[in-house]
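What follows is a pair of complexes built around chain A, which joins chain B in one and chain C in the other.
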Partner chain A sequence: MPERRVVSPEYMLFDAPREKKYLIGNEAVAEAAKRANVDMAIVYPITPQSEATHIIGDMYAQGYIRDYYRGEDEFNVMSAVAGAAMGGVRVFTATSGPGTLRAFEMFPVWAGHRLPIVCAFMTRGVNSPLSIQPDNIEIGWLADTGMLIFHAEDPQDFFDMTLQAYIIAEQPEVHLPVGVCVDGFFVTHTREIVELTPEDEMLPPYDPSVSPVVAMDMETVPVRHMKDPFVMKSNYISYNTHASWQQEVRAAAERARKHIYKYMGGPIEVTHPDAEIMFMTSGTAAAQARVAMERMRAEGIDVGLVKIKVIRPFPEKEIAELAEVPGIIIVPEHNITGWLAREIRSRVNNNSKIYSGPRVFGGMTMPPEVIVKETKKLLQAGVAV
Partner chain B sequence: MSTLIGLPKNGYRVVPGPEAYLSPSAAIMGVVLPEEGQGLIEGEIVPQEVAMEEIANRLLSARNPMLFPGPLVLWAWSDKAVAKAKALQDMVAEVPGMRIIPMPDYRPKYPMINPEVEINPNHPNLTIWHNNIDVCMFVGVHCHFANLALKIVRAGTDCYTIALCGERGHEDAMITLRDVHAEEVRKITETIKRVKMGRVSCQKEE
Partner chain C sequence: MEALKISPGFEKVMPQEYLELVEDGPYGRGLGVKDLGTFKELIEVHPLCAGCALGLSIRLILASLPNPENTVIVGTTGCNAILMPQVAIHNIHCLFGNQSAVATGLKRALRLRYPNTHKDVVVMAGDGGVVDIGLAPTMHSWFRREQFTTIMLDNEGYSNTGGQESGMTRQGVVVNMAPLGKKFPKVPLHEVAKVAGCAYVATATPARARRLGQMVRRAILVAREIGPAYVQIFCPCSTNYKFPPAESLKRAKETEITEYMVPEAKEWIERIEKGPKAEEVSNEA
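Our next item is the complex of A and B:
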């Protein structure tokens, strides 16, 4: 391991020289964890995440990470990282699909404890018969846990968003867990050029003294709530406290918005904002929609793209404003439920112009041709633009 | 987005209650935290000095002003904490009738809390009601618990809330300042002295 030096978050994200490497997404996220000055990683392997956490284990052996072990299962892992974060250290973990569901109880617990844990979700199918293939249905479920949720398009996003996640998560007024999600295999196992910051530069150590809650033991809340009659009381005060607690978690997510603008350049990226037809999407569907957009524009069809990088806090004002212009909004997704289309519909006036689809899942790819064809079908059907 | 100066576009103001059965978080209603050198008055971003002046006016006009110090200033866990606590004692001494009720920890005390001698973030309204507090100041309370308490106070009482924060401030208070350490507390004390002198001068002229 080279001698490392601490650099400011602003320097690392905006000014540090970048070196091009040819990496898969799993390697890119591990490189981010290396530069994030992580104190402790606790993981349990699951496809398509396993390679990333294997590499992080190697990094522990090399001295980049101070402590590391493999838990017994995902619930154990997500509980253990909570304990580590309560103890005041910076932690990293990752999981996929069924692992996400097995550990699910812990995600609102992280948020409720205001723990700035960063967890990579390499999403995959969760249905029976068993599938290990790409499908991001779990992001829709994670969206209401109180965590901040980012959705990366490619290995470069995965690297950058993981670093940005630590910086934003640890802001004193935010101090919430962040899920950095990618579409499994399409990102985790796809090799692309990734521009990395220098290996010998790392973020400043986590400062637990800025936490909005006290260092936890069994005598301080919210742990104390668990064993105190308070939590069981059937009265207005008890209910009101619990309600206010949840509101404060959501308020903290709201406070993340200005940091999302500062460190991520905003929650969305827009190409051709005045287009008559707009693709609004996230993750690898954004990459496919971009190709579809370029092909249709070459044919003289006025198409634009909104890539949604941040799912929580959802960019509701930005989406509502952008939705005023186009006659049709098309939302391609890699899941059966259409959770992103639901999110957009609920924020937009005149939402009858929003078309949820094309949607693929269970491991199916989404060729740009499918997006082009579906869009043209809508136009031929006489949908007003 | 969040650095817009002024009130949220929806016109929401953080004012004394009782506001609602369950008040919304001010952040969700569009109130944003101040940047360095700024404060918030009822949800509006103002220069720090303006907020200090308003704090002085509110404290000096109160019938029963109260300081609620939390663990971060009640315990001598650092030299800075000690200095801030001493500065707060000096400030309290400058406000006629101002008293101190501590928030020593955050453990729920229901139903055994004695609201005469302590305040708890889970049911701060009990202490406000019991002591007829019309203006209160939170300081040294961990941010999550301060926001929790401030919102519950706003929901159920007509108390005017002030929060001095060592970090980024509190939207749920009617007045808040960020980055408040011993030096900033001393500035507030100086402002209180100046405003008090001004009031005495006015009375003499009358």
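Our next item is the complex of A and C:
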């Protein structure tokens, strides 16, 4: 391990020199964890995630990560990273599809306890029947846990968003967990050029004293919680305490918006905002939609693209404004439920112009031709433009 | 202990019982069960049922912590969780059954942050929380030789949800969800603990308070240096087993007190207990 030096988050994201490497997504996220100065990683195998956490294990062996172990299952891994975060250290973990569901009871706990855990979700199909193939149905379920949710398009996004996730998660006024999601296999196992910051530069260590819930270390006040605890009492004060706490968790996510603009350049990326036909999508569907857009523009059809990088807090104002212009909005997705189309529909004025599809799932790929074909079919059917 | 001190000028606005904790609490004083009644305890009042043996056991456990100023407790859902927020020590309620996983992460984090101090992590959970829903993380923490103490408050059933059968209910007993009587024997978790990797295993009762205190203390000291420790405390529940609360201690006596240590643990405990200041064990790592 080279001698490492601490650099500021702003320097790392905006000014640090970048070196080009040819990496798969699983390597890119591990490189991000290395630079994020993670104290502890607790992991459990599941395809397509495992390779990333093997590499992080090697980084532990080399001294980059201070503690690491394989837990007994995803629920207990997510519980153990919570315990570690409550103890005041910076943690990383990752899982996929069935692992996400096995662990689910913990995600609202992370948010409710205001733990700035970063978890990578390398999404995959859920059973039954058994599937290990790409499918991001789990992101729709994660969206209401209270966590911040980012959706990366490619290995470069995966690297950048993981670093951005730590920086935003640990802002004192935010202090929430972040799920950094990618479409399994399409990103985790695809090799692309990724521009990395220097290996010997890392983020400043986590400072548990900024946490809105005190670290459980008997060093931070108060050592006593309350004299008359509200837990399980049936009175107005207990209900109100619980209700206002939930509202505060959501308010903390709202306060993340300005940091999302500062550190991520905003929650969306827009190409041709004035187009007649708009693709609004996220993850690898955005990559495919970009190709579809370029092909259709070459044919003289006025198509634009909104890539949604942040699913929570959802960029509702930005999407509502953008949705005013086009005559039709097409939302391609890698899942059967169409959770992204549902999100968009519920935020725009005239939601009859939103078309959910093409939707592919169970491991199916989404060739740009499919998006082009579906779009042309809609146009021929005389959908208002 | 710095964490407990009151900032100058605030003494007047702090609640009375907090002032008492600062002035007369057990932090850093090496007190034990025998000193009860002479200091301000970590728990002042609690909302558990009258005569609750589990509440009494927690009171005794709290009085037996070798270094309360450097102890963090991990509880779980159940009757203990109703009491724990009132305890003047950092404690966690996370979810039902994940206490040993939380404790694993916590203990490792505290070791990274305070390499020169023993931060004792103590899991305290009901029998259902340990032996049923939380069995996997409990056993895996022992397999992995995680250095914390697990205490089971064994009231032989799920009390907090209205008296259902747990793995620790005795065979034949008719309780909720065992309408024909429990069909399999009480799980011998204290035996399982020995083969699963615990360096210290004890079964205790609040009816023998000083012995319970000694066991809890030994368990925590062994967990610091040698390996995982498990203490199982029999806490009969008058509310769900429907006996008069005044009988709790009489019933609590009806259990076997056992103690097991691996040779290294035995050596270590003998060294500490024969030392000149048996009550003031340093918690420097």
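Throughout what follows, the second predicted complex is superposed on the first by the 372 of 385 C-alpha atoms of A that agree within 3 Å, B and C clash if a C-alpha of one lies under 4 Å from a C-alpha of the other, contacts with A are read in each partner's own complex, and residues count from 1 in each chain.
Just so it is clear, contacts are C-beta pairs under 8 Å (C-beta built on N, C-alpha and C of every residue); 3 or more make two chains touch, one makes a residue touch a chain.
What you see is a predicted model, and the numbers here were worked out from it, not measured in a lab.
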Partner chain in contact with A:Y69 - chain B first, chain C second, else both or neither: second
Which of chain B and chain C A:S238 touches, first, second, both or neither: first
First, second, both or neither for A:Y261, with chain B first and chain C second: first
Touching partner for A:L379 - first (chain B), second (chain C), both, neither: neither
Chain B versus chain C as contact partner of A:I55, first or second or both or neither: neither
Contacts of A:L101 with chain B and chain C, given as first, second, both or neither: neither
Common interface residues of chain A - those touching chain B in one complex and chain C in the other: 214, 219-221, 224-225, 228-229
List of chain A residues in touch with chain C within their complex: 39-40, 42, 66-67, 69, 71-73, 75-77, 79-89, 91, 105-106, 109, 113, 214, 216-221, 223-229, 231-232
Residue ranges of chain A in contact with chain B within the complex: 114, 171-173, 175, 210-214, 219-221, 224-225, 228-230, 233, 237-238, 240-241, 243-245, 247-248, 250-252, 254-255, 257-258, 261, 317
Chain A-touching residues of chain C, taken from the complex the two chains share: 2-4, 15, 17-18, 21, 44, 69-72, 74, 81-82, 85-95, 98, 101-110, 112-114, 119, 136-137, 140, 144
Sites on chain B touched by chain A in the complex: 1-3, 22, 24-28, 32-33, 71, 105-108, 110, 122-123, 142-145, 147-148, 151-152, 155, 167-169, 171-172
